[in-house]
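Structures incoming, each one as structure tokens.
Each of the next two complexes has chain A plus one other chain: chain B in the first, chain C in the second.
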Partner chain A sequence: MTRTRTATLALFAAAAPLFAMPAAAHGYREQGKPVAVAASTLVVIPNRDWNQLAGKPGKKAERWTLDGEQLDQVTFYGGIAPGEPLLRERDRKHRPLPKLTRETLLAEVPELLEATYRTDRAIASFTLHDARPERFLGTDGIRFAYEYVDDDNLPRRGEAHAALVKGQLYMATLDAPRLHYFDRVAPSYRALIDSATLR
Partner chain B sequence: MPVLAPVLAAATTPAPPPPPYTGAYQPQGVDEIGLWKEMDEDERVLANSPVLIRDEALNAYVRGVLCATVGADRCKAARLYILRTPLFNANMAPNGTMRVFSGLLLRVRSEAELGAVLGHEFGHFEQRHSLAAFKAHRAGTDVLSWGAVLAGMLPYAQGAYSLRNMQISIYGRLSRFSRDQERDADLHGIGYLNGSALRPQAASVVWQNVMTEAERSAAARGQAHPRFDRIPFFASHPADAERAATMAALARPDAATRDDGAARYAAALAPWLPLFLDDQIKLNDFGASDYLIGMLGEHGATAPLWVARGDLYRARGYPRDLVSAAEFYANAIALDPNLPEAQRGLGLSLFKTGRRAEGAEALRRYLQLKPAAPDAAMIGMLVATAGQGQ
Partner chain C sequence: MKKRARLVAAAMTLAALYPQPAAAQEHTAVKAGFALPANSGKTILVFRPAVRVGAQSTGGLFEPNGDWTDRARANLEAALAARQAALGNIVLAAPVAFGDDARLVEEYQALFGALSRAVIGYQFFRGNRLPTKKRENKAGVFDWSLGSGVSALPGAKDADYALFIYDKDAYGSTGRKILQIFAALGPGIPVKSGEHAGYAGLVDLRSGDVVWLNADLAMGGDVRTPEGAQKRIGQLLEDFPGSTAAPAAPAASTK
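This part shows the complex of A and B:
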């Protein structure tokens, strides 16, 4: 009996995505149309057409790509509050992610992202470069660059922009393979950053 | 009871020295030759891996410890690779590829302890355990046998230390062994140590430390105390408590006074310790990291160890942690006033506890010591805003 029920459930689970397709599908972000991202008041105006990936990496995060997440991904973090991690915790019991705190300084945001990546994505090698102040969302922010070797053994480059607004963290990151893809997508990512405002 | 007696008797006899080495094994038959080719391809990828630590001095040192443990003739059979991976692990593939993870180097404290783990892995290799497992799986014709082979290819999981989906650990894909084979390898590992110049009692210490680390990790996360006297369902290794007890019994009692090479080990690891510690701290495992730092500082904490502890507490960031972190960084500065990371950590901790003027002073010192720091511009701005109040 249990066996039959499990099988039925499994069948239903397999079939479910077919019906839920419209909700689970990847999105399309059209050039020139302002759009709010990461379920927040963070608004960007795409400088070109972008794909929005289905499946949010966190409660307050959203991912975009041009050529697929393996080749480039832009992640928006919208208003991470003290006590919250940047991404969804895949294993809260054994691998909890580091949390933003009330005391976290803007200068410590790179360390927070690094620890999040290392814990969440099992990255062994991560190097931070060039953290400097830069305006973001019309306020004092930070821009930083980093490099890491992802769990697929491929060296990647990253760039991030972040600002703390009323104690909440707003951030955007670009992650792409170091070879070719990062430099190709970086101008489009930076144009998104330039257009970002808080509504 | 009569069944148990021979086991106990065996466990109280020191492990015998290994038999004469028979030399490198050559694969036989299509299956083995095919497997060898796959492992050779794995090794080719490994040799080009960006997480490989290529430093000649460290590689020569770890190889030296392996050779001192298993002997010069056996040592030639191993090609050693050190990976920057914060896991307590090492493995050896049947084609002679030995992988040593940086997390292992961080956790052992002497040549004897390192030799115990490397000797254990070499024991698997010499006994051709992987091949035996492979052949056993191949002998089966049904789907379940193949399932077991495929399961063997899953990443090597070791409880709390598991970093899943990690390609680098899949390289040792055939390095899962049965519990009996683990005991056999333990016996061999201690056998090598008994015959070496190192102290064989160290092997038991490794497992005791692993247990304590797991306890601290669980405690800091408010989890139940881990049980070490039980063999979890499907576990590939004997229970840790059993291992620690067996290894203590297998060591030659008269070898207990031998040098364990702790001083030489500490000297060789010193240049790498800050990096390995940083990799560990950023795994966000407070209890385990705190324990490791304490263990490394057992005979006196050094400035890098105080910095590591400061980073750990500052990252967790409870208000009381920030006060402790500032104190730890100050301890580091007392030992070495020219350590930029200590000044940076102190400055940031003081800033976060509201002592902005003092914090700015430490950050200024950081910028003086490391003007080309990657975050110099950002820290410079923090210093500039210190006078402006909250």
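This part shows the complex of A and C:
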């Protein structure tokens, strides 16, 4: 019985990555039209057209891109509550993701993202830098930058903006190759951040 | 028996959840307005192929294999050298780079690999196109770039274009092959064993724009053997712009 279940789970686990193509279509986020993101009250007004990638990386997360997630990726996290991870846990037993707690401080959010990336993407090289207070969603927030290399051997830069509102974490991140793409997409990402409000 | 029925049901659910993408898939594109006639006198800088070869675990993870990678790199370089004369125009081998220059080449090769995967996923595969790119796709626009930073690559100032070649091969492990057979015996869900991705691209060394790309996630030829590597390079450079029909073209030295 247990063995059968294990075998079934193994088949699922092994077969899942084979069908990476999402069945659903990607969303279109039109310039100037306010839109709620990550199944939350977080609303942004795009200053140019964006694509919302089909398939959510987490229950309260959503990804946008201009040229494909390999080249630029904006992720919104909408109201992560204490006890919840940022992303969906793909292997809860062997690779559990860190969770937000009631005690998590804003200054600890960069480490939460770092630990999440390290586990979720099996990243060995990740550097955090340049964390500083910055208003986000009309409240005290944090802005920080980071760099990492994951298994495609391509160094990427990241920038994140986060705020804790009523104990829940709201965050947006930009991840893009440090060659060419980060600087190309950063102004459009920052325009999204500037437009972000809670409904 | 009960066990098997359960597995079959599980696999069928999976198959229903993830319908197979339509087969229509392109793998070559040229930037609008780009043409490179044979013997045009333009110079093409050829970088050593970026190669990663390994095994694919039962669960589908890539496990690098240094020995296979070394063998494949040598085979692919030899096959490429044998074909360079047929590329037409003036072909220059990129200078051997050290330190920061070598890291820069490696990083651009990795960026080229990522860009190729984005093109395969969102431009070549019709059913998966990004909404903001749909109009461009309909008009046959191919607009992708590595950025003008490519002009800092070693050897760039002496050439008009750079040829990038990126190869990633993962050979299915025994466990993976067993899973493949098992899945086929059951409900017939297609489990792919191995990954054979090859990308070749011609990049304008002033703008960084990709002017020609040939990228496929299912390449032929076992790159661990010289014959297989020849086949792979042949596929990668199929319809290379400005290539000459006869292999013994008058192109300049490849050294």
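One rule holds in what follows: the second predicted complex is superposed on the first by the 176 of 199 C-alpha atoms of A that agree within 3 Å, B and C clash if a C-alpha of one lies under 4 Å from a C-alpha of the other, contacts with A are read in each partner's own complex, and residues count from 1 in each chain.
Going forward, a residue touches a chain if its C-beta (ideal position, glycine included) is under 8 Å from a C-beta of that chain, and two chains touch if they have at least 3 such contacts.
This structure is a prediction, so every number in the text was calculated from the model and none was measured.
> So, A:P187: does it touch chain B (first), chain C (second), both, or neither?
After superposition on chain A, A:P187 lies in contact with neither partner.
> Regarding the shared-chain residue A:L71, is it in contact with chain B (first), chain C (second), both, or neither?
In the superposed model, A:L71 contacts chain C only, not chain B.
> Just checking: does A:P34 make contact with chain B only, chain C only, both, or neither of them? Give me first, second, both or neither.
neither
> For A:T104, using the defined touch cut-off, is the partner it touches chain B, chain C, both, or neither? Pick first, second, both or neither.
Only chain B is touched by A:T104; chain C is not.
> Could you tell me if A:A124 is touching chain B, chain C, both of them or neither one (first, second, both, neither)?
Only chain B; A:A124 stays clear of chain C.
> Applying the touch criterion given at the start, work out whether A:P133 contacts chain B, chain C, both or neither, answering first, second, both or neither.
first
> Which partner does A:A115 contact after superposing on A: first (chain B), second (chain C), both, neither?
A:A115 contacts chain B only, not chain C.
> State whether A:G167 touches chain B only (first), chain C only (second), both chains, or neither.
Neither partner.
> Touching A:P96 in the superposition: chain B (first), chain C (second), both, neither?
first
> Common interface residues of chain A with chain B and chain C?
151-153, 155
> Which stretch or stretches of chain A touch chain C in the complex?
For chain A paired with chain C, touching residues are 3-4, 7-8, 10-19, 21-23, 26-28, 49-51, 65-71, 151-155, 177, 179-181, 184.
> Tell me, which parts of chain C touch chain A in their complex?
2-3, 6-7, 10-11, 14, 17-19, 21, 52, 58-60, 62, 106-108, 110-111, 113-115, 117-119, 121-122, 125, 127-133, 144-147, 149, 176, 179, 182-183, 189-192, 208
> Contact residues on chain A for chain B in the complex?
Residues of chain A touching chain B: 93-99, 101, 103-108, 110-111, 114-115, 118-119, 122, 124-126, 128-133, 140, 142, 144, 149, 151-153, 155.
> Mind listing the chain B positions that touch chain A in their complex?
Listed in rising order, the residues are 45, 49-51, 83-86, 102, 160, 163-168, 221, 223, 279, 282-284, 315, 317, 319, 322, 348, 351-353, 374-375, 377-379, 381-382.
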